[in-house]
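In order of appearance the chains are A, B, C and D, and numbering begins at 1 in each one.
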Amino acid sequence: MQFLSDNSAAVHPRVWEAMRAADAADSPYDNDAFSQRLDEAFSALFGRECAALWVATGTAANCLALATMVPPHGAVVCHREAHIEMDEGGAPGFFLHGAKLILADGDHAKLTPETIRPVLDSIRDDVHQVQPQAISITQASEYGCVYRPEEVVAIGALARERKLGLHMDGARFANAVAFLGCSPAEAAGPVDALSFGCVKNGGMSAEAIVFFDSALADVARYRRKRAGHLQSKGRFLAAQLLAMLENDLWVENARAANAAAGELAGSAAGRLLHPVEANEVFLSCTPEERERLREQGFGFYDWGPGAARFVTAWNTRAEDAGALARAIAGL
Amino acid sequence: MQFLSDNSAAVHPRVWEAMRAADAADSPYDNDAFSQRLDEAFSALFGRECAALWVATGTAANCLALATMVPPHGAVVCHREAHIEMDEGGAPGFFLHGAKLILADGDHAKLTPETIRPVLDSIRDDVHQVQPQAISITQASEYGCVYRPEEVVAIGALARERKLGLHMDGARFANAVAFLGCSPAEAAGPVDALSFGCVKNGGMSAEAIVFFDSALADVARYRRKRAGHLQSKGRFLAAQLLAMLENDLWVENARAANAAAGELAGSAAGRLLHPVEANEVFLSCTPEERERLREQGFGFYDWGPGAARFVTAWNTRAEDAGALARAIAGL
Amino acid sequence: MQFLSDNSAAVHPRVWEAMRAADAADSPYDNDAFSQRLDEAFSALFGRECAALWVATGTAANCLALATMVPPHGAVVCHREAHIEMDEGGAPGFFLHGAKLILADGDHAKLTPETIRPVLDSIRDDVHQVQPQAISITQASEYGCVYRPEEVVAIGALARERKLGLHMDGARFANAVAFLGCSPAEAAGPVDALSFGCVKNGGMSAEAIVFFDSALADVARYRRKRAGHLQSKGRFLAAQLLAMLENDLWVENARAANAAAGELAGSAAGRLLHPVEANEVFLSCTPEERERLREQGFGFYDWGPGAARFVTAWNTRAEDAGALARAIAGL
Amino acid sequence: MQFLSDNSAAVHPRVWEAMRAADAADSPYDNDAFSQRLDEAFSALFGRECAALWVATGTAANCLALATMVPPHGAVVCHREAHIEMDEGGAPGFFLHGAKLILADGDHAKLTPETIRPVLDSIRDDVHQVQPQAISITQASEYGCVYRPEEVVAIGALARERKLGLHMDGARFANAVAFLGCSPAEAAGPVDALSFGCVKNGGMSAEAIVFFDSALADVARYRRKRAGHLQSKGRFLAAQLLAMLENDLWVENARAANAAAGELAGSAAGRLLHPVEANEVFLSCTPEERERLREQGFGFYDWGPGAARFVTAWNTRAEDAGALARAIAGL
């Protein structure tokens, strides 16, 4: 009964089918029939023209996207607990050639114009300080919280005002859309580039970088190859993404994961450290309580000395979520 | 009847099976049971202790390997037509932080001590010139030619004498081993790191970097993550590699590809631009001749104005190879 | 009556003389007679073997030093207000190829083992987080405060325990030594590399990087050239440094600057934001008070809304310091 | 009697005077009165608006200029013997974050449209090959040969046609102008950025990067700081450059150096390996002949096994040049 992470869950059967269907030899790299359909598929999804590139990991998606917006002498404003700051092994420093991450605060790992603005204002506009060129936000956030459309719009307005690019790390974008019940376009808002997650949501090895500015996509294509991320059998990545989009499998999977998380949240109200709006549940929890849960067969991560993180996935079994919910309630 | 490249061929059924068998959730990244077996499997293969990391592409394999040997202010000596120089979109410059490729010559895209030494000797040992720190050779070479064990040994001796690391790009290492009929250890010789190809040989999206020096592997683990190449469902990559090694499927596949190339070569003796020792055939061929072949349904790349390249794969059909051989003979 | 900074003061007459004496043609780069004496001069100064390289700026000194200790995938722990973090325009990201600065706290911009240790302990030892490889401290600190020898020793012990390099930004090392009244070796403690300042102390365009590990110096020589910092008439930089060391001009100059700062501090006790241990004075000061000082002809920087920074130099005139002291007392 | 290089010659008296006159404290970095006059002074010199930044070395000038034109995933076309390829210790790889130098040929280290075009044409326009973004030429060339205005115009036309930036390494631009007897604008032609040399021509430590596109200059200012090249007493660099421009001292100095080289050339006609158009003379010369010259007290570099290089400077004494000319004639 694993609630460690959604990032190693099984692959959805329809993703497997799509991959098998892509087996026959085709053009290499992204010249195959599957990859060639991505722009259109994502343009339809977002209701406006965009260019979509597959890559194998969220780290690559985030960093390639940011590298198109930020020169080596620039900086990205992100949350102090953003994945790009905390968990990508310095990949932004690598892909952006030493550009800086400038950290801002905000409840539940969400930025707001109010937390971003003072950070921007504290930077002297001279060559001695690194000048920001983009903002990056995570939808849903690292604490499983979701930006409302108007919140993204407000950050986008600030970005435009300050002439900054706007990037969204959407490793769990599906869970945010499922929670919001809105269109993908509303959940993404005025971003220039979106890392559209798939691996945590039933995929195997494909994420999409969706560019709403084709000039950025053109640069990203060169950067992707240069980073060793242009797979010759890219059709298998494109097929995963197309399978996800077909019949809204991506939203369906996210709804299932969210529902399981919701069940856990319902049993744990007093312990919740963050609102449960996606598929992650952060609970205050003593070491002894965690021990008791583990003895009952539940797997999860400690989150500092007094907390635990539980993550559900597209395929979390109802009986497992129910059992964990009861166990939490019984602590 | 495609002879464009082996890099987009179908995936071998046993690779598919192994991937399916790895579907059940497991630990993420390379902590899963499959990835954990790689060091042992490759150590058994090479008869000495080594550490093996999966990555998705040959470009990543080559550049991560080289990045462990060469500091940013250093250089790599490689052949003027090496893949890292010609076809990796500047990835060595990216992964090695601006380190330089120093180009040397050699017939059939193979280096020799005799072609390397004058290049090394031409570099003044002062801070104004970039000092080489490694040599990279390709086995089989970019023209489908194979280094004999004693040739690798000789280059290795030069590397040691000059205190240079030795890297082997083995995107088609299997084809070289199949040709040589020797052990993998003999075909690799005294290299410090080997990019062990799988994608071109029936795999989907996995190559191995095999380090014969564990200190290099330790650095590579950090660099892999930093380059966005640490997939969370890495078990699917490990499973591909393990399937390849099992019962020598990798050699079997390469033998099939080599045999098909051999059949083409047999029909084209007078036109051969390079000895056919792996699965690539380079023929002198006029534009008109190429046109006639294409009219008969054969796909292949032009190789400059007067030549063509034909590549066979593990699954090239005997009838296709036969038909092409006849067509070439009939030109 | 300028108290803006020591970084643009006039050049000391003995530095000018030394530069003139170096005019005659000599070997280029650092092969000249002056540069060749640096290792010996600094070895004598520190009482142990060291290698000293000139560069033109403190930023280059700091970043070249750190680049010898920290690989691109590593990190440097420094104070949140360290010059390398706040005022070098992202140079550490450039010279260290994207390595990260990890920020720690401490009063008066000084680190302590107690502030460093929890930062180190918060970093998971896995590939997802950037691993520190060095600590950098500033002597005297960005707030003009001085590490006592035992404080440097304690940080050095922590560095060794954690296998981290130790770098000291000594842009105002002279002022620290003048304050401590100890030997340079005691003020530097167990550092691996020291940026030895000269420009702020009566020099024109030379700082020294003093390496107490010659292997680091060997790397730095290549990196210096690669960064465009190897001047062909390097003799003029070496001459500045040698002039500074001769008859302890460097300490004499620093004493003069410190004394002037001490006079300001004596008149401003209630306003002091930091102990005045070098040549910088930070005062709490309302906008109106600052206005009144400026009306009297004093130049200085605001330091946030309620404070001001005054910096003295080797050549601050006694009457100017006295006048400012009286003006501050009279606020 | 040194003819090793012009890069370590004495500093011209008027440069010394100008530096002394800049001693009084002033604003730091490039906010001082001297630095603030540079744009105007160079705009007057070139008869069109430009922005000029000082840096300490030609390597920094070249690489900062190129870094404004070429993204990390791009490339620069230069001559196979260009200084940036041969003698800058890999600085282009550092400043341009791994961008590539693509080498072309041409007599006397000069490029022509005819040698550049096939190189450009050989690059496939796909992500697997690095795409050039700029051309760099050296005026006067590494063999002391001068591009005629129409030659620069022709290269500029090709650059525009292919949408490439054009950079000129003018470490010895003065010598080229002195030779051509034309205006600086004619000698520079349609370049986007010019490294305007001063150190080899009587300066101490200042070169100018002259940008004819102010957007590039804006980027360069950040990059200069980030590279540790923003000196706090920058007024001393600006003063050198202004002194050089005043009364055309720069051309006067170059004329003197050229004249001395001309005298050598006149005595050595049969041995000349390249036309002598600036201040460098390359002679075919046996080891024995070189030995005889050295026995007579002449210093110079060997240039491979059968040649020698003699460089004159602004202050080469007439008697020394005469003596060397006679010695060469007498070989």
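Descriptive notes on the structure:
Simple rule for what comes next: a residue touches a chain if its C-beta (ideal position, glycine included) is under 8 Å from a C-beta of that chain, and two chains touch if they have at least 3 such contacts.
All values derive from a computational prediction rather than experimental measurement.
Looking at subunit A and subunit C, the chains in contact with each of them are B, D. Over half of the residue numbers at the subunit C-subunit D interface are used by both copies of the sequence. Across B-C and B-D, it is B-D that has more C-beta pairs touching.
Comparing mean CA positions across the assembly, the chain most remote from subunit B is C. Note: centroid distance subunit B to subunit C, computed from Cα atoms, is 49 Å.
One inter-chain figure worth recording: subunit C and subunit D are separated by 34 Å, centre to centre, where each centre is the mean of the chain's CA atoms. Put simply, the C-alpha centre of subunit B and that of subunit D have 42 angstrom between them. The set of subunit D residues touching two or more other chains comprises 72-73, 88-90, 93-94, 97, 127-128, 222, 225-226, 230. Of all residues in subunit B, only 2, 4-5, 7-11, 16, 20, 23-28, 32, 55-57, 59-61, 63-64, 88-91, 93-95, 199-200, 204-205, 222, 225-233, 235-237 touch subunit A in the complex they form. Residues of subunit A touching subunit C in their complex: 72-73, 75, 86-90, 92-94, 96-100, 127-130. For subunit C in complex with subunit B, the touching residues are 29, 71-73, 97, 127-128, 131, 219, 221-226, 230.
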